[in-house]
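The data blocks that follow each hold one structure.
Common to both upcoming complexes is chain A, partnered first by chain B, then by chain C.
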Partner chain A sequence: MPTNEVIHGLGLDDYKFGFVTDSEPVFRARPGLDADIVRQIAARKDEPEWMLKRRLRALAIYESKPMPKWGGDLSELEETLAQTYFYSKPHEQMERSWEDVPENIKLTFERLGIPEAERKILAGVGAQYDSEMVYHSLKEEWEAKGVIFDSIEDGLRNHPELFRRHFGTVIPAADNKFAALNSAVWSGGSFVYIPPGVHLETPLQAYFRVNQERLGQFERTLIIADEGSRAHYIEGCTAPVYSTDSFHSGVIEIVVNPRAYFRYTTIQNWSNNMYNLVTQRALVHEGAHMEWLDGNLGSKLTMKYPSCYLMGEGAHGEILSIAYAGDGQHQDTGGKVIHVAPRTTSSIVSKSISKGTGRASYRGLCKVYDGAERARSNVECDALLINETSRTDTFPYIEIDERSATVGHEATVSKVGDEQLFYLMSRGLDEAEAMALIVRGFIEPIAKELPLEYAVELNRLIELEMEGSVG
Partner chain B sequence: MKKSPILAVRGLRASVAEAGVEILKGVELEIGAGEIHAIMGPNGSGKSTLAKVIAGHPGYEADGGHVRLRGENLLDLEPDERAQAGVFMAFQYPVEIPGVSIANFLRSALQARLEDGEELDLFDFQDLLTGCMGLLGMDPSFAQRAVNDGLSGGEKKQSEILQMAVLKPALAVLDETDSGLDIDALKVVAAGVNALREENPEMSVLLITHYQRILDHVQPDAVHVMVNGRIVESGGPEVALELEAQGYEEYRRTHAA
Partner chain C sequence: MSGGIAVGGGAGVAEVGEVAAVGRGGDPAWLRARRDEAWELYEATPFPSTRSEEWRYTDVERLLPLGDLEKRPIGSKWSGELPERLRRVLASDGEGAGRVVEMDGRVVSARLDPGVATAGVVLSSLADAACSSDPVVRELLATQAVTASDGKFPALNAALWSDGVFVHVPRGVKVELPIRLSRWVSRPHTPTFTRVLIVAEERSRIAFEDEILSPDFESATLASTAIEIFARRGARVRYVSLQRMGRRGCHLASQRTIAERDSSVDTLNIALGGSVDRVDLNARLVGQGASSEMLGLYFGEDGQHFDFNTSQDHVAPHAHSDLLYKGALDGRARGIFRGIIRVHEGAQRTDAYQTNRNLLLSDHAVATSLPNLEIEADDVRCSHGATVGQLDSEALFYLMSRGLERGQAERLVVRGFLGEVLSRLGRSVVADKVMRTIEAKLVR
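Right, the complex of A and B next:
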């Protein structure tokens, strides 16, 4: 297909988007982490005193917490962190219009593989390049409605009260070691506020990529969907290949106020030397509705469990996730739903694909507190194994302290069958095409929830991945 | 006058790849362009195995003989290459591919025939699909159903015929496509096969069946009887009528394993 050709034309092998453009950061801290680095970050950003204090407190928490022993293998991570640059800033100013974006940065965006879709959505996109927003433009319609869609730095600067009221309330620094790390050194990310009753038809999109060797990416996003609002936020990113291990550890906090509806979509495709440890959580209040749609491809190890804390009566949380573990990769993903209030409902649908020596683990928590009367939760996880060497495992944790709650869990593991391959090949598809079609069918229930250009992108990535799976 | 053969099967011996059990024990069969041949035979006699060996199922190994399509030895080709060469097999037990619609599947199959860099025209495809579905009296929404997943037994068979209609093979091997169809569906499928042949008089059909019924609608040029991995009798439509009356007892006795 021509779309594949374009990508092949880049002359890249293992990781199709693994190119590097030269861009000299304006400022870059030295590698490693201590209080001085944290002070430098805060000073460069011209942050208020309270934020610096928070950062320093978070650093102390980070240092006091041990490396997690569960999940994936983090034994080489300490070394990686010592090599990591914790902050870099590519440009002094936020760019407002596409024309102002420097050529080499544009080139990077173009080479990401979906330039057409990218251009189409530029009018409303916030894109992150390295640690900060380079390009960020907001549709006039949104401005008129009072919607805030800013870089996290601008959010802090321009909306200090709103920011301070919510920052760190969904995911406190003490939540886990990597949340603490992020709270100490965060840089870049989005700040979003949807006023009461405002409905947005067009998704808010942030496209970002990490583009500097050994640059840790600690994006921080804070979203507040106020009462009765409706919106959809989309984030997608790919990263270039490097010889040393890279590290990404984001924190995404979302507050969904009563009767609001919010969906957060991520497709991440990291290069396969990346540690990707992300904490994302939503507080879902009375009658509100939160959906996480999470796609994880690439990386060396991803540990990511989007969660919904169902705080108010009748709140609903949904987590749809797709994980793709290629050779040597470990996707440890899933979701958490915490039922605190009565009549809260949730569902987790997780689909994973393991190829070659890839390993996909589902790790999920469903907790129902005493008093969350008639809470209902359903978990479904399906794993597809491509090769004999592929691996999958399931770790469902279920804790129920409420008698009237109903919780269902269903797990399936399937292999790509020889009969399926033969059937498709007997209609003229070659083995890789047949495999890709089976995989696409497998993830279809989730892919159909994606906006078209993302579904196309996902399908294309899977086709590329399947090319190496036969033989 | 006999037309030049589309399919020539000579001395074909084949076994189950893993077990090494021989199932086809020297099959001889020749089908001319535009001809319809029926194969009948008791359960387990090797009819489906013959169909799968023609289509290239990896679970079977050809141990001897050859299968030629327009002179080209199919046994050297992968299943997809055989499809590209013009072979189509309607499965006795169609396989479920969850999440893939019939329309998407057919589009991928047609796309796979094009040269690299060529893109299937979606409007042409839509016209072709709609036309074929009309021919088979199918509701257009049927193409949005998943490939065999959640389809009834009869619907699966109809979907196989739809695929044949869209892919327009040179040789269609229909393995018990008539089993499991209700009387009306059987007529529609038969009418579809006939209409396709009208459109493409060169298309040859190898029809595996247990019942005379479908042969009332699709007139065979020849009927073969397969017993224990061999074709033991060939003749005209009267062979099927005799079988209908007498069963396989006589053949079984004379061609025991």
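Right, the complex of A and C next:
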């Protein structure tokens, strides 16, 4: 058993980006939520009437649904929500080029550790600062290909028909309490459209930050990958540490049309006072391929189960999930695959690490409907426990209505073995290095999927969390 | 109260006691108080709905038309001939250390091998043992294992139980052959409530086989059983439940095993008959070095509904549990497995496994599997696995290439699949009975 000093030395718990930049919001609603706040949000955004109606309907649904009793401890959330500002608009207007980005926001990126040169390479960065897109540039070649990568507000303004056809179709407001909340007060997020047959070599990236104390962030993203297209979207979150609980509840809707390929990567590193309750879902049509790569390192409580609805014949869904639960953290994460059409395939691979008093729970669903002939699904969960006080759970749901389906689920739980540590230390590594190596080896199957060359800072996040080489 | 059993139309527990104690001149005061308390809990407990996690896939109100059941359990004792089918089973069961026959919730005979009786082993009607205020029964009956606070049905059983079996094995006594309980349920829409209490003292050994049978019914009938097993230090207990009821028979079983230091409690639940079978099994490992092997086997056809809800509670360190439930589902059958391994704080060096495998033999069968883990210690080895699939086409092809017809080949593969569970049991009468029943189902 490694000593506590050694574990502490790994720095797994230290929040690396606990800085605060001053920003003065131009408009900030009062804390709490009612129909007036929703009307104010819609009026500020100058939205069409149908969207306001939707928001108000969603608010009614939100109010009618009880707080979930499963998953993490939400007992203090009501209090948090009463203190939450549901909308604020930062000073800055939408920016097109790097030079125009205000200094304090540049500083934020600076602190995230993205060198100037790499920022240039990071093509088409849409950065979410507070609740709205303030910096947004898109490479010319992509524009030439007809790719739309806008803030969600611009998506609604500039592409009303496309937007309305898909918005809320993947995740209706009535899906769950927090989807309803998001549908009522959403603000910020991305709107992405990839035209038929277009292949994007460089990933689309958006950085999300919540920067104002008690500021709720209700990001909403809608992505449509049209027939035969191919793209990768990366969302990474870091947030400064604050004293009071904060709340984040996003909704991500993705439509993957026939034979398209889409990958959505999230690395979530909210500070340890954040409630992170996110609904992510993709509709995957005939022969299409959807991958969720979901990393949860931060937050106080995360409840997030990216899902693939395999609607068309031969559709494929993949969920790679990694969770790190340090002291006081609860990561309640996993994935859902729903097989509706014949010959659909899916896989879920989940790895979790619990340290200190951290708790990592895998919660997942594999459902095969009658008629989804020859559907195949495989789920693998591995949990690593570091301390005596660490906790892990596995809650898979497997519901099979189709005889020709083949479904498997496997989970293992283990601790870092004394033998493993001893072996590495006998090879000259000190205890901290040995520990870090074992943890890295454990998550490697998922870490290697991260696009190293394009997401330098995302990888740095993982490395820092796992190695603690920088305090 | 929706759909619940209103005993005596709500006349109260006084009548409950009367009904249960018919022909015995009433319960002793402590038992009456225990029933009263259980009845109060029953009334205070909401009816299980599919909104609760534990009953999510079994809609009791729809599957069990409890409203149609007679408003009171059977009071009178069976008289006359035993049914032909039961007599055949009794004749073919062969040698055992003891035999109990229970008819419609009443023990009609309890016979123990004289040699075993001399060693001090007690085998008796539970009602008789309770009425004579046996100190072990008084201490352990519905107080520590299956208690009224466990849920709606355990509460109902604790209030209304009419009879059952009490087995007490003294220190160091090893009973080599199994004790067999054969139950028969004869009346449609009539509930029976029975209990089994097995107490194996230090370093003793006992095997208990519990079979429940009934004819086909035109309307539903309910057999509720509560099984309580205590294994003291170093004791070894094996419990087998074999459910072969007829059509429209409903079986609700609540089982809890408590394994103390270095003891072992192994269970096997087999569901083949009836329309609805729900088994709640909780294995508690409360002493270091305790172990539990938990096996299950089910074969469903037509509209049969089997629901197994198991839990492995590792309270003490250095304990071991290994669960394997396998089932084949044909017709419109539905199989549900919900299992959880709980490693409590401080239960270091736990070794716990859980596997559920399902074979779907028809287009309309449904399998649901929920293997859960909750782990609050770090130095553990735990794993679980669940699979749902169809017959291995390569195995079928191989067998057919050897000249077997498809039907034969399929039967062979299913036998092999389910045989894995039986093979863990070793050679036994139960294994033969199960294989014969499955064979008959497969030929149909």
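Brief remarks on what is shown
Just so it is clear, the second predicted complex is superposed on the first by the 426 of 471 C-alpha atoms of A that agree within 3 Å, B and C clash if a C-alpha of one lies under 4 Å from a C-alpha of the other, contacts with A are read in each partner's own complex, and residues count from 1 in each chain.
Everything below uses one rule, namely that a contact is a pair of C-beta atoms (placed from the backbone, for glycine too) under 8 Å apart; a residue touches a chain by one contact, two chains touch by 3 or more.
This is a predicted model, so every value here is computed, not measured.
Of the two partner chains placed around the shared chain by superposition, chain C is the only one that A:A383 touches, whereas chain B remains out of contact. Residue contacts after overlaying the shared chain place A:F442 against chain B, while chain C stays out of touching range. Of the two partner chains, chain B is the only one that A:L424 touches; chain C does not reach it. Judged by the touch definition given at the top, the superposed model places A:E433 against chain B, while chain C stays out of reach. More residues of chain A lie in touch with C than with the remaining chain of the pair chain B and chain C. Shared interface residues of chain A, touching chain B in one complex and chain C in the other, do not exist. Residue ranges on chain C touching chain A, taken from their complex, read 53, 348, 358, 360-390. Only residues 70, 368, 370, 383, 385-415 of chain A touch chain C when the two sit together in their complex. Of all the residues in chain B, the ones that touch chain A in their complex are 55-59, 78-80, 82-84, 87-89, 91, 94-100, 104-106, 108-113, 116-117, 119, 146-147, 163, 167. Residues of chain A touching chain B in their complex: 1-2, 5, 417-420, 422-431, 433-434, 437-438, 440-445.
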